[in-house]
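Order as written gives the chain letters A, B, C and D; numbering starts at 1 within each chain.
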Amino acid sequence: MSLLAVNLLDGLVTGLLLFMLCSGLTLIFSMMGVLNFAHASFYMLGAYFAYQISTYVGFWPGLIIAPVAVGIAGALIERYGLRRVHQYGHVPELIFTFGLALLIEEVVQFFWGKSHMAYYEPEVFKFAAFSIAGNAFPAYKVFMIFVAIAIFLVLLYILTRTRVGLIIQAALSYPATVQNLGHNVPLVFMGVFGVGTAMAGLAGVIAGPVLGTFPGMAVVLGSIVFVTIVIGGLGSLWGALIASLLIGWMQTFAASYNVTMADILMAVGIDKPVDLSDNALRDLWTLTLPQIGPILPYLLMVLVLVIRPRGLLGKRET
Amino acid sequence: MRKLTGLLLGVAIAGLTATASFAADTIKFAFIDPLSGPFAATGQQGLSQYKFAADELVNKKGGVLGKEFEIVAFDNKISPKESLIQLQVAIDQGIRFIVQGNSSGVANALTDAIKKHNKRNPDARVLFLNYSAVDPALTNDKCNFWHFRFDANADIKMDALTDIIAANDDIKKVYLIGQDYSFGKAVAAAAVKMLGEKRPDIEIVGNELHPIGRVKDFTPYARKIMSSGADAMITGNWGADMVGLGKSVIAAGYDNPIYTYYAAADGITKTFGADGKGKVKLVGEGQLNPPPNDRADAYAKAFKAKYPDTDIGQPRIANVMEMLAKAIDQAGSDTDMVAIGKALEGMEHDSLWGTKVFMRPDDHQVIQNVHILAHTDDGVSHDFDNSGYGLVVESTVEMASADAPTTCKMDRPE
Amino acid sequence: MSAAAIELKDLNKSFGLARIIRGVDLSIGRGERHAIIGPNGAGKSTLFNLITGKYRPSSGSVHLAGTDISRLNPYQINRMGLSRSFQITNIFPKMTVFENIRCGLLYSMGYKYSFWHLVDRQPKLTERADEILEQINLTDRRHLIAGVLTYAEQRALEIGITIAGGADIVMLDEPTAGMSASETDYIVDLIRQVTEGKTLVIVEHDMGVVFNLADRISVLVYGEIIESDAPEKVRASEKVQEAYLGVAEEEAD
Amino acid sequence: MSAVSDAEAARRGKSGLFSLAKTAPWFIAAVLLICLPLVFNSGAGFTVMNQMAITIIFALAYNMLLGQGGMLSFGHAVYMGLGGFFCVHLMNMVEYDGLMLPLPLLPLFGGLFGLLFAFIIGSFSTRRAGTVFAMISLGVGELIASLSIIVVAFFGGEEGVSGDRTMGPEVAGFDFAQQSEVYYLTAAWLFISALAMFLYSRTPIGRISNAVRDNEERAEFLGYSQRYVRWISFCASGFFAGIAGGLFAINFEILTEENLNLATSGSILLITFLGGVGFFLGPVIGAIVFTLLQTVLSLYTEIWALYVGLLFVLTVMFFPSGLAGVIAIHVRPWQLGKIGLLAAPYLKMIVPAALFVFSCAAVLEILFHARHAALGEEEMWLYGLTINSQGVWPLTIAIAIAVVSLIILKRLAPSLKEAWDEANHQETGS
């Protein structure tokens, strides 16, 4: 029971972190129709920028400066790269961001090399906030939860209470109309891309110390972000939230409980072969839930797309 | 357009072969390891160590047969396919010694390809000097005459590690966790078997595999380890999986030893820093701290002076260079691979690191002292990652697994 | 007993709460030239899409020569001999004019999903495509990429693609929309010529075109057919005038 | 044979298939394939050429989806990989179970297995086009790549499965032990596959898959089910990808998880796009350029991947129709007989352009060396010069050359544009 509570909290942290990435990606996708393959790369940039800043002035200034820097980088890439590709259509756009992801990884290695960076959480958070049955829950994770929730509330406020938010909401459902409302569409696009990438950058800043700051960090997270927004439904913020939490918990629980295929097979009345060493199905018998945990989201995505191509809460199919 | 294609190809392959044409008066070693991509840091470190060892231990002493050693780097991007292409390029350049270490998958592909190559091209045979790939199969079922392993394999390391654990009565519960692939499985299987033989009373409270390179957050695993009440954990994890696992376990409040294979250097030592002190242990060969002798101390200092951002993460590389120099000298040829191979078989060598090194002829597995090393900042004269932290020898198993059986049936050329 | 070419039985279609088509019953005989007219938003295009399989009816049914087709996909309906054009020009803009027509021919000439014929090696196919090009007066545009044709030419091409498959029933959705008077005359002549002997269903705004072409006219207002009769009778119908006038008044508000 | 546009094809509509204009390029290609080994007869030469040939087949197969069918797949390595895995297992059955299968036929079986899996997976993934298809392909690709680690019995874990190609019956005295023999086998399959894929694009289903790409709704109203058209294209693509997999198995004698994973799927997308999706020859060019970059450039520089990334992003930005597109825009001046007008401006620009590229690369190399080389190792090799990477001057000079050459390029640009306009201008009155 206590482990369940701990897992719920851990899953919440993972899910909220995922949501910080997904919200930006969904914004960008909904407004611009661009599935930004490089989104996780901006997350990585956030972590590296923050690390660099932290070596000069410590953690806290990085929390503000790094996301802003990432956002500016994102806006510049939109202005001088994506906007040019936009005219060729969506497939070249997607491929552009795909190439961008590779390029950013190389650029990061060019400057920071290939090792892990010694990027730590600030000293004030280096204690266990509380512990449940011997399981310490680090204070920094509590901080992460609060930052993520704060971001979500700010986003919610902007979307539902401000003029900009109303435009964005309109664009989420009816992308074509916004262009006809007399707004400076290129500027809006640049802004959205900048803000979206800045949010990814912020996620990187706060996740870097926990999940590690290394050149592979974007790849590890890369496609799972897509999977999440596709499951949630393209263009739906609530869908993104629900899918993020779902995947966060799914992965946490899958890693926590050693359900084995052998248990399941024997429960349905199939006998375990005595000698597995030469059995063609030996891998099936030894399969455990933690082994397949990370691929569960992909399985879920394929199922969702086959059954309900617009995703859980998606309003449109693109 | 086809013409253009031909032209491009011509230019490129002319380039490929051009490098082979000059400087034929050195003995070349093809270093085939990742120099780009996620594992490049390890590859770069190995390359620096090889270059340094070749210069310091061989070339400064006048080389062998009047020739100097030269390390030629090939980037295999840790891909088996690329490794095979680079192997072919290296052979074309007339290189007869292949060194590789990162990833047993690549080592398996290479040993297989080299075996076939030597069979099909008896006049251009090559030797495979494996300095780091520790899959036991390479010197058991998959052994061949051309492959020599200079690192202790996974079973030997586990043998040494379980000797130490068996002697520690405080350890009653052990948790095994590893990456879901052959090496991770080999570590787990060896641990279960050897602990069962040496300390049947020890309870294995967890034995699990996680997907390799795909786990973003190890917290759930850390929770399981905590709730199992383990007194010690053993993991074969490396790279980001090692860092992630270690950080999560420590953050979750774990305070017992973590026995590892690869939790040092490449930024890992720095990342663990003070948190890992007294917890992170590593099983491996090569003694840096305390320095076993003045020669080793001087060697390590000179290395650091030349490569301040790199560490001697694989001390055995010095053995590879020294033993090859000896073997080539004994064979009196740098092209007769059979003679060099036979000279290497059964060679006994006094290592720079204060241990005797014996190349077992039955399976071409090196036998040497294996240590349990502790991650600490006390008594560290040669740290890693310039962090002040390093590995200090805690206990030693002399000539570990010297009489361990092998399933190797060596097919020797005449 | 020979069934009607198209028969609609109590056809209904709703989108959410909005009932767009409300219980339409209509029978269109073989060889008939039938026009559907009605004010904007009356549901003409929806009706069209229901018949051709783009939408599925909420209730009621559509019959093609006596067979119920309400649950079939567009391609299945097409194979039963019904072909349509679109309100917005709907051609293959990146292909040549010739290839556009050829694509229209492939299925009906029995090539189906073949991967063992080479299209360039089928003299009959090329011949037939050239005949159709001749019919729609685009022979001299044969090698142009369809996307660069003028609007009227694209509309002509669309009609060419539509009739290429040799369907018995041809449905045209506003074929003259957005055309000048002379272009309209040209297209109407073309339609008359290429649909000779076929059943024609046409949705049209231009009353001149409608009364010129149609044998029978149905008037659709708010998803219901209020009149279905010969052109002169429809012209005289008070109900129709009222409906049209009423709408006109509403629109004037 | 560059860029056979639809217009050209249609113009030739009535001319026979076996006309000289059509068969000549294939003839030249065949002669070239036969003669290449006379120039490059080293082992590495064969290895690189085999690798190219395999990549060309795979890229052409991929372009059947992306270029011709408009389907963007992020998981196409699956079909090549599975075809390859089955082939290695067949090779092992030849070795251990005495299966009498001549090696040259093996790729055909690879193709059939690729086809089988494309058939199964395509049955649900091709229902829709666009994002849904792309994401299902991503998901399936990831699932199968992960399974390959878990299901050791078939995929051999991360070590993969290896075999020996020489264990089968000899064919016409060849046992395929040498790379040169493998080259001719691969080249023959390349020729057959490329020809088959080219002809496929000229069949009814090939044409209709273009039609569905351009306008799926219209195609439905012509009697074609868009779903079946996509499914069939997908199966055909899977078949040829499987052939590539079979050739991979023969050439490398090992298949690993790498052959299935997303990185491989991603790189085939890059290769195809780099070459140009709109042209039959595009993927061929892309495969050749990419293989050279990957294999040769990485011998010279550690940061080769950075260059490849830059090249790719710049290509998407400035030449969205790929390298083949760059060649194709010269077809019109050629037809007008005005290609000569471009020669002078090109010649004028080639020196500053090369200077610009090389000096930019020099800047990157110097910075990289200064940042990552060992302490005390200040000397580096660059274009045959030995320079001091820590010094100010080399960097300054490299930057200066880059700036100056850029200025010269800018100055020359208007004259190129003028020549370009002139070369594309058709005299009026025709």
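Keep this in mind: a residue touches a chain if its C-beta (ideal position, glycine included) is under 8 Å from a C-beta of that chain, and two chains touch if they have at least 3 such contacts.
All of these numbers come straight from a predicted model, not from anything done at the bench.
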Selected interface, B-D versus A-D, where C-beta contact pairs are more numerous
B-D
From the C-alpha centres, identify the chain that is farthest from chain A.
C
Centre to centre, by mean C-alpha position, how many angstrom separate chain B and chain C?
74
Compute the distance, rounded to whole Å, between the mean C-alpha positions of chain A and chain D.
31
Taking each chain's centre as the mean of its CA atoms, chain A sits from chain B at a distance in Å of 35
Where does chain A touch two or more other chains at once, residue-wise?
109, 113, 291-292, 294-295
Where chain B touches two or more other chains, by residue
36, 180, 211, 214
Could you check chain D for residues that touch two or more other chains and list them?
146, 150, 152, 303, 305, 372
Topology of the chain contact graph, where touching chains are joined (line, ring, star, complete, other):
other
Following the definition at the start, I'd like every touching pair of chains, please.
A-B, A-D, B-D, C-D
Going by the contact rule at the top, pick out the chain B residues touching chain D in the complex.
1-2, 5-6, 8-10, 12-13, 15-17, 19, 35-37, 48, 74-75, 77, 79-82, 84-85, 88-89, 91-92, 103-105, 108-109, 112-113, 116, 120, 135, 180-182, 211-212, 214, 305-310
Chain A residues within the chain D interface of the complex:
35, 81, 84-85, 88, 91-92, 94-96, 98-100, 102-103, 105-107, 109-111, 113, 223, 226-227, 230, 234, 279-284, 287, 291-292, 294-295, 298-299, 301-302, 305-306, 309, 317-318
Within the complex, which stretch of chain D touches chain A?
66, 72, 124, 127-128, 130-132, 134-136, 138-140, 142-143, 146-147, 150-154, 262, 266, 269-270, 273, 303, 305-306, 308-310, 312-313, 316-318, 320, 364, 367-368, 371-372
Help me check something: in the complex, which residues belonging to chain D touch chain C?
6-7, 9-14, 16-17, 199-200, 202-208, 210-211, 214-215, 217-226, 228-229, 232, 236
Which residues of chain D touch chain B once you look at their complex with the stated criterion?
1-2, 28-29, 32, 36, 39-40, 42-49, 51-52, 146, 149-150, 152, 157-160, 162, 164, 166, 177-179, 248, 252-254, 256-259, 281, 284-285, 288-289, 292, 294-296, 298-300, 302-305, 327, 372, 374-377
